[in-house]
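The structures come next, written out as structure tokens.
In the two assemblies presented below, subunit A is common to both, partnered first by subunit B and then by subunit C.
Showing the complex of A and B:
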């Protein structure tokens, strides 16, 4: 295989990685602040896809303009899940938390299947066959570029939220020293609810941006839950910068693996990375402890 | 000038089925420095945690400036003007000293005068000023304690609670620490301290209380001078 094919695969992988990054940052935020191992994260992303699918179907507006709708609905949904379910669990009930989010994931998936059926859908934006030439025989697919650009902008926004706003600062304070946070005057429940809602909204927006370039079906989120965990571990537990970097790297590694060894190896490589990092570098490899 | 700033009356509190406090009654007047002393596990930390709302009393009442605060959550108690500097400093280790201080002024009333508060704290703690850009986790123990107190004062509190500020510090730093606390009190902040260094604590205080098995020892008066000269206390706590 030529070098050109490898570069092309790396470029495609980077574009995919941009969407992975957004999914991973959402989970890192949730894990970092609340230590909630959220097995429903991929299902939240899937809900974002279906919300956008329905919104586009009803209005005919481009999905690229509909991502705020998915973000907003999933933000509210996240806040409801936090106040309605998660905040009611006793402190330290990690196992119950895991069961709860797994249950939530199944309910979301089954509810969607009940309403929309298990069929695959593909949203045609009319951009799908538009490729932009980069020279040297390389090109990029237009819908991926648009999705990547929006995902990148939102990722930067998330980073600024966590690093620069008072609420983001409070979220990091809770993650670093939970015992001291309330003594600063931080309303811990409220900040956790906002963090969970923002993380959920990030998953929903990622779903909206994935819709133009991916098949839609009720269990589409499952693989993303798995990938998001790989990103959070590679990125260093709870680091959103680390998770974003890991998302980009994962996209490229998967793409190159598919090119050289075949598609079926991509997920295997994900988990080999996951296990190696957990065993030898449990602090992650891309993370910064600051954010 | 009638009611005390802080009034703790017949408080009982604990953790699950463990009763850490049986009957705590004490008060702190505005402008005072008051020290709580007592053996390990006597309930000193729990007393401060009840005042700051981290633990809710199962009996009794806590009044601040006349208002019953015993059922309020911690963030609302901070809003009313009580700032608790916890045992073991509990800084945010992966944030800069500047960010730690900013978080100290998180509550609404404190945010409004964050700049002034910061200037005051940097004037009181010049060493903290030199470390503003450094991550809090990389500071020495003494510096961390200074930052913890400065962070607590960033809330512009009327009452400052200090839990063992001298814990684990070198003797020379301990001396400096108590001088700072006396200075903070002289500038008008009311202070309630828990201290193992009983002599140093009582020396800068007007009054003190001895806590034993979750109760205030009522056989002792509360004037600091009296406590310092009490023979039984001298042998039990001061090692004199």
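Showing the complex of A and C:
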């Protein structure tokens, strides 16, 4: 295995990681503010993919322009899920939140399967065979680069939302000390609703951007739910910067694992990394807080 | 012998007699599943219900039982001792997984258990030389003649064993330790309970029972693949059975299995492809309207009604 192959794998991994990062940031936002293990996050991403698929099919517009549709629909969907279901649960009902999100994930996946069937779909943007040469024999696949660039821009936007806006500050306050936030005049329900909706929208947009480069099928989200959990833990306690960094790291680690040991070990390495970090540095690699 | 003892004994005897009335193999298989998941729910309940540790990776022990049986017979061991090997492997897994994950709390614990179970599932898929990977592994038959009946009876026995174990645990000092950990781990630690050891002991019992269920399940199918026995679906279903019925009660997992298995069997036949949709809807319904689980909600209502019927004693008022 040459160094060139390794560098190429790392570049590809970085591009994948950019999309992982967006999925992970969405979950980190939700996890930080609500401390829920959202088993439906991958299903939300899958919905974003199907929404874009339908929108592209109906209008013929490129998926790279359709991602705001997926984001908007999933934002509303997230808000509905929050007000209709999650906000009705008593605080601290961990078990029930998990049951609820598992149920929700099953409903989304099966509903999509009923409407669209279990077939695999692939959206051809016409860019798929375009590769951009980087010199030294390295190259990148065009649709990945476009998706990565948009994902990066949205990630920065998400970061600014959490860091600079009043709602983002309130969300971080809730994440840090849930008990003190309402005493500071924060409307916890409203901020949680917005955070959940934004997190869901991030998953939806990630799905839209993944559509040009990934197969589409009803259970496509399952593996992303797991990866998003890994990112959130690696990134540390609801830190969205941490989750984004973890997404990039995960993409590269998976790509290199695939190169040296084969594709089938990529997810194993993810989980081993996850267990190691949980055991030895439960605050996350990039976090400072203790879990 | 109290009324509930008599009731339990009658239910046990009744369950054993079922195969003499029910002749259809299909119905018996559904009932086998029902008792198998009762046993699994009860086993999970020791860790998830009484100790309050939300394990979402019990497929690790289920799969250990299934593959333990399949692989040890390949080495020439007879079928039943191979079930024992499965139990030992599951307990070994429990030691490692417990050692790693019990240091974590809340959602982190749940995530760690998922990760461990997934590592096992993916390894079982990838280590084709050992497990056969996705091609699968043959599992020896545990019974010859009257096969479905025998499986049914063993599931009933396993569920009864799990219920008896739960009863014994709840009445022991060990059981109170577990519940103390559930209510407040720091306080439990501060009064001198070795929380790490206590949780691990509960997990070992739970893993052993789960492994036997895994062996039975595998042997009924005679053939297993990693996704089937190590999958997240098994982990989730085991936890859902207990949560649906009501965690931390003995009747809960049994009622949960009764409802979930009946419902999913009905849904499969009636709603066909929409069965997961309905199943998911059922979960959401239970969460919203029966947040303590079915048995949990009944118990709470009854306690409330009793309190209302009996006016509080005078000293309570005086104290207030």
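We adopt the following convention: the second predicted complex is superposed on the first by the 287 of 291 C-alpha atoms of A that agree within 3 Å, B and C clash if a C-alpha of one lies under 4 Å from a C-alpha of the other, contacts with A are read in each partner's own complex, and residues count from 1 in each chain.
Heads up, the rule we're going with is that a residue touches a chain if its C-beta (ideal position, glycine included) is under 8 Å from a C-beta of that chain, and two chains touch if they have at least 3 such contacts.
If you're wondering where the values come from, they're calculated on a predicted model, not measured in any experiment.
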| item | value |
| --- | --- |
| Contacts of A:282 with subunit B and subunit C, given as first, second, both or neither | second |
| Per-residue contact with subunit A, leading partner among subunit C and subunit B | C |
| Touched partner set for A:106, first subunit B, second subunit C, both or neither | second |
| Which superposed partner A:121 touches (first subunit B, second subunit C, both, neither) | neither |
| A:95 touches, of subunit B and subunit C: first, second, both or neither? | second |
| Partner chain(s) touched by A:183 [first = subunit B, second = subunit C, both, neither] | first |
| Subunit B versus subunit C as contact partner of A:169, first or second or both or neither | first |
| Partner chain(s) touched by A:229 [first = subunit B, second = subunit C, both, neither] | second |
| Complex contact set, residues of subunit A against subunit B | 166, 169-170, 172-173, 176-177, 179-180, 182-188, 289-290 |
| Contacting residues of subunit A [partner subunit C, same complex] | 31, 35-37, 85, 88-90, 93-96, 98-100, 102-107, 109-111, 113-114, 222, 226, 229-230, 233, 262, 264-265, 267-268, 271-272, 274-275, 278-279, 282, 291 |
| Contact set on subunit C toward subunit A in their complex | 48, 54, 56, 100-101, 103-108, 110-112, 114-116, 118-119, 122-123, 125-126, 232, 236, 239-240, 243-244, 247, 273-277, 279-284, 286-288, 291 |
| Residue ranges of subunit B touching subunit A (in the complex, touch as defined) | 52-54, 73-75, 78-79, 83-86, 90-95, 99, 102-104, 106-108, 110-111, 151-152, 155 |
